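Here chain A shows up in two complexes: once beside chain B, once beside chain C.
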Partner chain A sequence: MQAIYDWAQDLYQRTGINLVFIYEEYERVRFIEGLQNTIWLAIICVILSVVIGVVGAWLQGSHFRILRLVVAGYIQFFRNTPPLVQLLFFYFALGKTLENLGVMPMYDAGGWQQPLIGNFGWAVVSLSFFAGSFNVEIFRSGIEAVPTSTREAAEALGYTRLKSYIYIILPLAFRVSLPALNNNLVNLVKTTTLAYVIAVPEMMYTANQIWSDNVNVPEMMTTLFFVYITLVGVLVWLMHRWERSMRVPGFGQTA
Partner chain B sequence: MNARAAIPGIAAPANTDLPVLAPAAARLSKNTTRERQEGAWRLELKAWYGFVLFALLLLAIGVAEAQSGGDSDRSLIATLVRWMPVILWINGNGFVLNLLISFFAMAIGTVGGAALGLGQISIYKPVRVICWSVTQFFRNSPWLVLLFAIMLLFPFEVRILGEIYSIPAWMKATIGFSLPVMANLSEVVRGAVQSIDTGQWESSEALAFSRMQQLWMIILPQCFKRMIPPWMNWYAILTMATPLCSIMGVEEAVNLAQQAMAAEDSRPELLAPFYTFLMLVFFIYCYPIARWTIYLERRYTVKN
Partner chain C sequence: MIPRLSAFALAVAIGLSAAGAAQAECKNDTLKKVLDRGKIVVGVKADYKPWGFRDTSGNLVGMEIDMSKDVAEALGVDVELVPVQSSNRMQFLEQGKIDLMIATMSDRADRRKVVGVPEPPYYTSGTNVLAKKGVVKSWEDLRGKPVCGKQGAFYNKATSQRYGANIVAFVGNAEAKQALKDGRCIAWVYDDSSIMADLASGDWNDYEMPLKTEDDNPWGLAVPVGERDCLFGKFMSGMIYNWHVSGQLMELEKKWGIQPTAYLQKMKEKLDFDRSYLQ
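And now, the complex of A and B:
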């Protein structure tokens, strides 16, 4: 490790390329925290949005008209407004209102009161709901793709609606939906940069802090590009592998 | 002989009319493939969104009016009407600037995208590799990172022949927006060219067209029709993305609306009407484009 730090220091002295986040302890900690936050944000949002998608798609098949309407309204709202506006709305309008009303639970953060859902929390909520609204639509198409005869067969075997959803319909629907899901999740990872606007200390925000303190914009920008391209690349590679292994044989190659 | 090849319904046509998967599966698969190639989902804007937004705007105004208690100075309609010209067009800032950015970014993106896309199908491998890499790089970076990069790495003034020209922030934002558009359009061009039947290439070659002639006279005219719907879809997406540059302090509609609210003592009841108004403005502009895209797409697919 020390050798790498020395190399970065040496590089700076010889060429002026200032990779400060490698050789300086303080910036290194900051950088790694930013990277961790981005990765955490991405992972939590991906999982939550898939859960929202699965649950939402199930609710859309509900017998209650009102429930279906609520889900439809949710999808339309989140699909058709920019994620930036959603993020600002959740954090400033909803978050602050809840705090002012005293509904938001607070915890003691070493001397001052902090809301339980801070900016990271709201970023997770907002981005998950944003991606979730697309996922509901995707899973719904997947469920529609399961033939009625399969559904009737499950019913004939005595499955309840929930059980047939979990054991029969969803496994099939999931395979059909996976490619579309991939597209959306890759988009989601790129959208996590937006958390910058509500000051979540993720990669983008940390990089901004580092270049503000050290005036090394080109170096940090290159690093930022490298980090995001790597993140997206890894995700795409993983998802494609998964897609290939989950593919319904004979379906969708020619399309 | 591969044993799998003989299995009906998997590699060979199924000898039953029972559906293995309902038509929705094929639809989803088609949309996904298209989305992957075009790099964005199709905007599906419906007319009733506009009515809902308008109703919300009226509702928000009503609520705020009730809260202001009839004080004509703090009346919400008066406030909104007072700021409307500022948010929309005064000094060429506001929504007009959003449109300006979207026009220029689209123009640069189209020219660059066409060049990159044609580069991707070049017969020279180095050109192909370079164009492919550039496309992938800009396609896979987040918009905000690209925007930041251009905003901070571009000089704020240039010296040409001894004269110093300053580059305003919105121009840099335009370049920042044009990069992802360029990369995505490059893929659209490549996909469109590759979707042309190989017979077209072969027959034109047999008629002694040079490669340049083949491209310009045979292939591209056929691609053109297929590229129009994704191109328009990208324009609508780009327009809706322009408020991103408000983060960098470009005085476009969202930025000015925020400034206006700050100037009005940041009254919380202003939030809902102002943002709904902004959304309505963007909707009114993007709705016809989205509808027209769908119309053109339908018209072209029927003909094929």
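And now, the complex of A and C:
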């Protein structure tokens, strides 16, 4: 490790390229925390948004009109407002209102009352629901691609609506939806940068702090690019592997 | 009091300028222009309560406006106030749109290349916090607690490194202050003069600035860069010297509801001339 620190220090002295987050401990700790927060935020939001998409798509086909309307309303609200506005709204408006009403549970953070859902929590809620609203529509497109005959066959075999959704329709719909889902999740990972507006110390926020204190803006910008290219690259690689492993020969491919 | 002080200021100015005149070609254009037209144009802040702001009838008032008027009085000319922004104040002076600038400017090396800053500084500001009354008593109280700040401010790193504060930094001051009001942090760390301005605005009556200011940075007024070591610059040095010694700056502080700074007290003691031999 020390060799890498020395290399970065040496690089700065020789070329003026200041990778301060490598050789200075304070900045290194900040940087790693920022990276961890971004990774956590991305993982949690990806999983939650997929769950929201699956559940939402199922509710869209519900027999109850109210449920269908609720899902439609949810999609309209979250898909048609900018994620930046949502984050600010959730944190400053909704979060504070819930606390004022006494609905938000508080916990003691060392002699200091903190709401259960803090800035990280609101970022997770906002980003998951934002990406989730797209996922609902993505899964709907997959569901509608499942042939009616398959659906009827499931019914004929005595599957309930939920059972046929879980065992027949969703597995097929998933395969159709994956490329579009892939796109949306890539977008989600990139959108996590917006969480810096509500002071979530993720990568963007941390890079901003580091370049403000060390005036190494070009270096940090470049670093940010590499971090996100790597993160999204890993996600895309995983999704492609998943796509391949779920391939049903002959399904979804034009002859 | 004022005439006697101004006479002294001029005496100091003329005495000092004799030395400077030898080395550089002092044309003293600005001061000549001011005296000829019988009016000095001073660049001041219009949005920085209580240093320079507009009162309810739209007039520019504040501590720095009072200082500007005092300068005009000492020169025996009228004063014209021109509102300036932090981003354009030095350019206004460079282009001759104003003769003198008294606009909450921190005195820094790079600025001295562009404008002439006569010494001594008339004020200082540094890092402090705004917090609900009674919550914070020392810098150590911030350890491990959430403290709001503005992204990019250098106070953030210093406060977290020295006192272990958990800095929650927002994009702008408005969000950071809203977060403080919402109780999401125990304090807002920022420049003490800006905090004082907030306290003076009357919107923060349950709040206080409880700590001892750290990392003081002096404030300088400015004359055109070529005239710093000439008559105008020396004259302004004399003005500032007298403001310190006479306690006038402290009186103005009091008048405008600004928390007394240790700097003014220290300067008064340091610069006060021992006149005991006269008795």
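We take it that the second predicted complex is superposed on the first by the 243 of 255 C-alpha atoms of A that agree within 3 Å, B and C clash if a C-alpha of one lies under 4 Å from a C-alpha of the other, contacts with A are read in each partner's own complex, and residues count from 1 in each chain.
Everything that follows uses one rule, which is that contacts are C-beta pairs under 8 Å (C-beta built on N, C-alpha and C of every residue); 3 or more make two chains touch, one makes a residue touch a chain.
These numbers come from a predicted model, not from an experiment.
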item	value
Clash-or-fit label for the pair chain B, chain C on chain A	fit
Partner chain in contact with A:224 - chain B first, chain C second, else both or neither	first
Touching partner for A:212 - first (chain B), second (chain C), both, neither	second
Partner chain(s) touched by A:196 [first = chain B, second = chain C, both, neither]	both
Partner chain in contact with A:149 - chain B first, chain C second, else both or neither	first
Which superposed partner A:93 touches (first chain B, second chain C, both, neither)	first
Touching partner for A:26 - first (chain B), second (chain C), both, neither	second
Residues of chain A touched, compared between chain B and chain C (which is higher)	B
Chain B and chain C, minimum CA distance [Å, superposed model]	6
Overlap of the chain B and chain C footprints on chain A, listed as residue numbers	92, 196-197, 208
Contacting residues of chain C [partner chain A, same complex]	144-146, 148, 151-154, 156-157, 161, 168-171, 175, 178-179, 182-184, 186
Chain A to chain B touching residues, read off their complex	76, 79-82, 84-85, 89, 92-93, 134, 138, 141-142, 144-149, 172, 176-177, 179-180, 183, 190-194, 196-197, 204, 208, 211, 217-218, 221, 224-225, 228-229, 232-233, 236, 248-252, 255
In the complex, chain B residues that touch chain A	9-11, 18-33, 35-36, 41, 44-45, 49, 137, 140-145, 148-149, 152-153, 240-241, 243-244, 247, 271-272, 275, 279
Contacting residues of chain A [partner chain C, same complex]	26, 92, 96, 99, 110, 112-114, 118-119, 196-199, 205, 208-209, 212-213
